[in-house]
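Before I ask anything, here is the structure I am working with.
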Amino acid sequence: GGGSNSGDSNEGTSENNSENTEETIVVGASSVPHSEILEEAKPLLEEEGIILEIEPYEDYVFPNDDLASGDLDANYFQHIPYLENTIEDTGYDLDYIDGIHVEPMGVYSQSITSIDEIPEGTEVILSNSVAEHGRILTLFEQNGLITLDEDVKKSAATLEDIVENPKELEFSADVLPEILPEIYLSEEDALVVINTNYALGADLNPLEDALFIEGSESEYVNVIAVRSEDTENEALQTLVDVLQSEEIQNFILEKYEGAVVPVGGNN
Amino acid sequence: MISIKGLRKVFQAKEDNITAVDRLNLDIKDGEIFGVIGYSGAGKSTFVRLLNRLEEPSEGSIKIGDREITALNKRDLRLARQEIGMIFQHFNLLWSRTVKDNIAFPLEIAGVPKEERERRVLELIQLVGLAGRENAYPSQLSGGQKQRVGIARALANNPKVLLCDEATSALDPETTNAILDLLVDINKKLGLTIILITHEMHVIRKICNQVAVMENGKIVEQGEVLEVFLKPKQSVTKKFVEQVMGSGEDDDLEQLQSTYKGEDIFRLHFVGDSANQALISKIAKQFNVDINILQGKITQTQMGAYGNLIVQINGDEREKDNAVAFITEETSVEVEVIQRAN
Amino acid sequence: MISIKGLRKVFQAKEDNITAVDRLNLDIKDGEIFGVIGYSGAGKSTFVRLLNRLEEPSEGSIKIGDREITALNKRDLRLARQEIGMIFQHFNLLWSRTVKDNIAFPLEIAGVPKEERERRVLELIQLVGLAGRENAYPSQLSGGQKQRVGIARALANNPKVLLCDEATSALDPETTNAILDLLVDINKKLGLTIILITHEMHVIRKICNQVAVMENGKIVEQGEVLEVFLKPKQSVTKKFVEQVMGSGEDDDLEQLQSTYKGEDIFRLHFVGDSANQALISKIAKQFNVDINILQGKITQTQMGAYGNLIVQINGDEREKDNAVAFITEETSVEVEVIQRAN
Amino acid sequence: MLTNLFPNLKVEDLIEATYETFYMTIIALAGTFILGILLGLLLYLTMKGGLWENRVLNWIVASFVNVFRAIPFIILILLLFPFTDFLVGTIRGPNAALPALIIGAAPFYGRLVEIALKEIDKGVIEAAQAMGAKTRTIIFRVLLPESMPALISGLTVTAIALIGYTAMAGVIGAGGLGNYAHYFGFMRRDFDVVFVCTVVIVIIVFIFQFIGDIISNKLDKR
Amino acid sequence: MLTNLFPNLKVEDLIEATYETFYMTIIALAGTFILGILLGLLLYLTMKGGLWENRVLNWIVASFVNVFRAIPFIILILLLFPFTDFLVGTIRGPNAALPALIIGAAPFYGRLVEIALKEIDKGVIEAAQAMGAKTRTIIFRVLLPESMPALISGLTVTAIALIGYTAMAGVIGAGGLGNYAHYFGFMRRDFDVVFVCTVVIVIIVFIFQFIGDIISNKLDKR
């Protein structure tokens, strides 16, 4: 069902976390790794007197809509640039509390083993999720493969903003992100840009197999987004705290073998 | 009174149009049993289908009682149709309903209450001889049984006019007779007007008052059954009348001619004049000839014997001639020479 | 030679089973035209459908030629069926094909080359009188026209055996005669064996050699047509024979009795003995009576006149008695008293 | 045992997803049946030569049917938000999926109904007309009963298409097996979950097909 | 003018997406037609009382049909990856979508074919049997021609369902209008793109429906 007991009601949140003042928070999340991480955090939150309800989302539009409309108390699926884009597009009064993790974007290929060996005209296959395109292109720019239009915000760049492409890479951005590992296996000569968490599923070791990969200091940190008025909400603060706790960070590191990098705690 | 004026129906076909019913004028009196005969494709089915506007006329008008059928709006047409029963050439039963429910259908339409409906249905099932099969579905019935369901259905709602398209053509003679008796009965008791297409002349003879002969969409002959039977004018009519009158089909005649080679064979046409009664015994007495009846059929009509007999006349040449001359000149019996000895 | 032994068909129904064909034994010679008559629901259609195994027999065996139909595997049954034509009571035409293509269908199945197929189809269209309608679809045909397409289709592939289920019951007499002539013709020329269901006795009389009467799934009477017509044993048969022999249906008799109230009326049964020829003129000469033929039907058979006449005998009381006594005692004509004056 | 074979499967979740799928399918099916019959009848009655021959109305109904069949499901859900909100009071969850499911499936079923109606022997309709039946009577006593086996078979087909649609209804949090398989199985590469969900879906499909076949055969008296 | 009304719309992209949708729909439709007729015939022939009555085979075909109708499309695409790779040589792009489209739609069409075949008058089948026709002849000269109007109407319905499917085929880079609307319209909140794509889809649906209706009516000689 929809976000029950949602809204801005913060009454009853007490600093003592007494057992009879339990509060429910509803958090929208995409599948991997967000909802997995939230599930892990559930029992920890319960100890704090907070009941966590996870609302699964399959797309990237509705979770922000629902957050803005009040159906959700928070969502956990997006990185900061995407959130900013959405706010710009819609005027939603959203903000985030803090970052939780980074899913570094990696570029893989079966036949090509180093950046220098990339032949001219190689096809680059990337996710059809436009939200990721700026990020991916930036990665390519950082690795000296292309140059982007300087007037465009990096995080919002699209394929059309490529001004220099010396290797004449052919970008095809039309595949569902979670199918990319299969594409990697089948299209031997192409460069495939895969989110690390999906790469794991295909038994790739991002740290070893990737041709090049984002660093953990990437600005594409996945955050807990909330309505602006809730940034100080204690229950949500607690959620962030728990997600940034050592226990969860260890879980992330273990489960994703370093492919999902926990952030926060240190800032 | 059914009054039809200039009725016409043209079927649009790709190559050429087919005029199935062609400027037909006709009056049918209330309570009449009106037979329609004609060759296959003459337009008979189309004609009756026009009467309740299952087929929209291309031209012309139809009046039943004081209702101008061709001018009715949908609702009035519907009400008018409830008083017109129809028996279809191809039965058109609902396969999803049992015999009982098929017969009950027009009663449901007319809003007859349940108990009365059931009573009436059982009565009709008895009448058409389907007792014991009331819960069978049409697919489990023989051709004739389906036909009888169709008949019962058409009669269910006590219509004022009944349109029958080959209603008995799938039935054995026994069942046919039973159904025809039933129709006559209803006709007499309730004044039901019946328009009946058939190719079986004995059906016409048995129950019709009036008969019309159709050919190429037109009524080429029409009148009292007896009159048409007695004096068929068109060759179609003659062919049909011969059927009921049993007058030798051509091959029968040939057979007779070869069997009685070299002998005198005549056909005597009795035309329903009571003065001709006992003609054969009269001739036998008056002339020295033997009259041998080979074949023929005589039917009694209100005006006397009607029909024809093929006879062989034996005897002295002179006597024979005299006998023939007598019949030809002194009686209204017509003599047709089929074969002379010399 | 078709040889049927212990043939039985039971339809499973919810309430009770229906034995449509019940332990039937029958032999039909090659080249014979075999008529089957019986009331509606007697099991006639089921019987012929068993012959080509459209209906699987519950019991019994069927042999056509030296093929044991009931024992054939699928492939052989298929080949056997190509030599068995069938005319269906409900036509069963393909609505998606024109008249021409419907008739061509069995030829396609038998793998006849295109030109020959076309030639044959045109020929058949002529034969059944559908020239000009060859490109019409079944939905554009009248009932009789559909029937004729079915007939042409069944004949197309020159079958050895033809099964006809009410093949002419939707046809006018003229067309019926043409079709029957066609059948006899093929029967004579090609030795086609025909099994023909009909309720029209004149069809039986006209073309059949043998006739079987079915009742409740059993053959209750069977034999040469003439024999059965002359000496019908079962009451079903009598009823059917009366149809073709025109012997007064009961209500006709009643009418006669009322018209000729108080007079002597007899029915004379001529039983096909040539010694009885010229009986009426003989009586007229020998006795001082007038014989007035009221009604009746006489048909010529190979053995002489057969049929019956209802006559009124007028004259002196004594003479009348003598005349009747003479007929009864001296001739093979049977006298039935319908009404005596006193 | 289940947990051994399918380590990632949570039985309660599976049961809940199954329940959601059933819930959505059955309610949506009921709605689809009614709306589809209505649309199918309208298409049939207003067509050329139909009982209510009406070019304009036919065109309107046909357009409606085609438009709603054409719109991708996700976009349909989006378009229906205001309507759904008004009707169900929420735009999330299984109940919110129902309007989109029904409006997505009914035009489809409507076409199947139209096809089934067209197969009815014209003769029996004429017979009913000749008896002076109202169009209403013809609809309820001739058209629907005589086409019922095909209507039921068509409904079975639609039911199974609906089960497929419910998978897509996951985007608005309607849950169901398809969503469960995708979100908790496929996306996480827990193929045991995908497998079990697929098996359950197949079983549900068989159940629908089985019931549909039985009813359809029972009704067919030809 | 277009660019004024629909600022986010790129006409070349729209044309390409339209082309992709047409391409996938038409090729998949051809495959679906053949495979669906095959499946429908098998279902019909092997059913109780059918020409090839065979419980086991019927059960197998029915299972096959039901299983593939039941599997959510995205999972179907996944399952078919090895097969697609083998057949088409790639698992990406419009051609790679074809196997999944066909295998997703054919079972569905197969059921429609079965329903259409069941409506054929038993009498004409008997007539063909009585002439000694091979089952093959009965199939090609009786069953298919006599049910053709319903088969074509069913194919129209399937074509339109296929257009819906192609939207989902976007996930493997097959493009098409549905995908274009979803990713370039909906995801970017450019609703003008969604709108135009929907209109184009509706137009395509109308074209299919129009052609289907004409053919079906032309063939119907009843």
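Going by the order they are written in, the chains are A, B, C, D and E; count residues from 1 in each one.
Everything below uses one rule, namely that contacts are C-beta pairs under 8 Å (C-beta built on N, C-alpha and C of every residue); 3 or more make two chains touch, one makes a residue touch a chain.
Please read these numbers as outputs of a predicted model, since none were measured by experiment.
Enquirer: Counting one step per pair of touching chains, how far is chain E from chain C at the shortest?
Expert: 1
Enquirer: List every chain that touches both chain A and chain C.
Expert: E
Enquirer: Determine the set of chains touching chain B that also touch chain C.
Expert: Chains in contact with chain B as well as chain C: not a single one.
Enquirer: Hey, how far is the Cα centre of chain D from the one of chain E, in Å?
Expert: About 17 Å, centre to centre.
Enquirer: Averaging only over C-alpha atoms, locate the centres of chain A and chain B and give their separation in whole Å.
Expert: Once rounded, the distance between the two centres reads 90 Å.
Enquirer: Round to the nearest whole Å and give the separation of the Cα centres of chain A and chain D.
Expert: The answer is 37 Å.
Enquirer: From the C-alpha centre of chain B to that of chain E, how far is it in Å?
Expert: Chain centres of chain B and chain E, defined by C-alpha means, are spaced 56 Å apart.
Enquirer: What are the residue numbers in chain E that touch two or more other chains?
Expert: In chain E, residues 74, 78, 186, 222 touch at least two other chains, as defined above.
Enquirer: Which parts of chain B, given as residue numbers and ranges, touch two or more other chains?
Expert: 90
Enquirer: In chain A, which residues are in touch with two or more of the other chains?
Expert: 59
Enquirer: Just say which it is for the chain contacts: an open line, a closed ring, a star, complete, or other.
Expert: Looks like something else, not a line, ring, star or complete graph.
Enquirer: Taking all chains into account, which pairs touch?
Expert: A-D, A-E, B-C, B-D, C-E, D-E
Enquirer: Within the complex, which stretch of chain E touches chain D?
Expert: For chain E paired with chain D, touching residues are 48, 62-63, 66-67, 69-75, 78, 108, 111-112, 114-116, 118-119, 122, 149-150, 153-154, 156-157, 160-161, 163-164, 167, 178, 181-182, 186, 194, 198, 201-202, 204-206, 209, 217, 220, 222.
Enquirer: Of all residues in chain A, which touch chain D in the complex?
Expert: Touching chain D: residues 1-3, 30-32, 35-36, 55-59, 62, 66, 71, 178, 200-202 of chain A.
Enquirer: Can you tell me which positions in chain E touch chain C when the two form their complex?
Expert: Those in contact with chain C are residues 121, 123-124, 126-134, 137, 141-142, 145-146, 148, 219, 221-222.
Enquirer: In the complex formed with chain D, which residues of chain B make contact?
Expert: 52, 54, 77-84, 86, 88, 90-97, 105-106, 108-110, 137-139, 153, 157
Enquirer: Touching chain E in the complex: which residues of chain A?
Expert: 59-61, 89-90, 125, 128-131, 172, 174-176, 179, 182-183, 186-187
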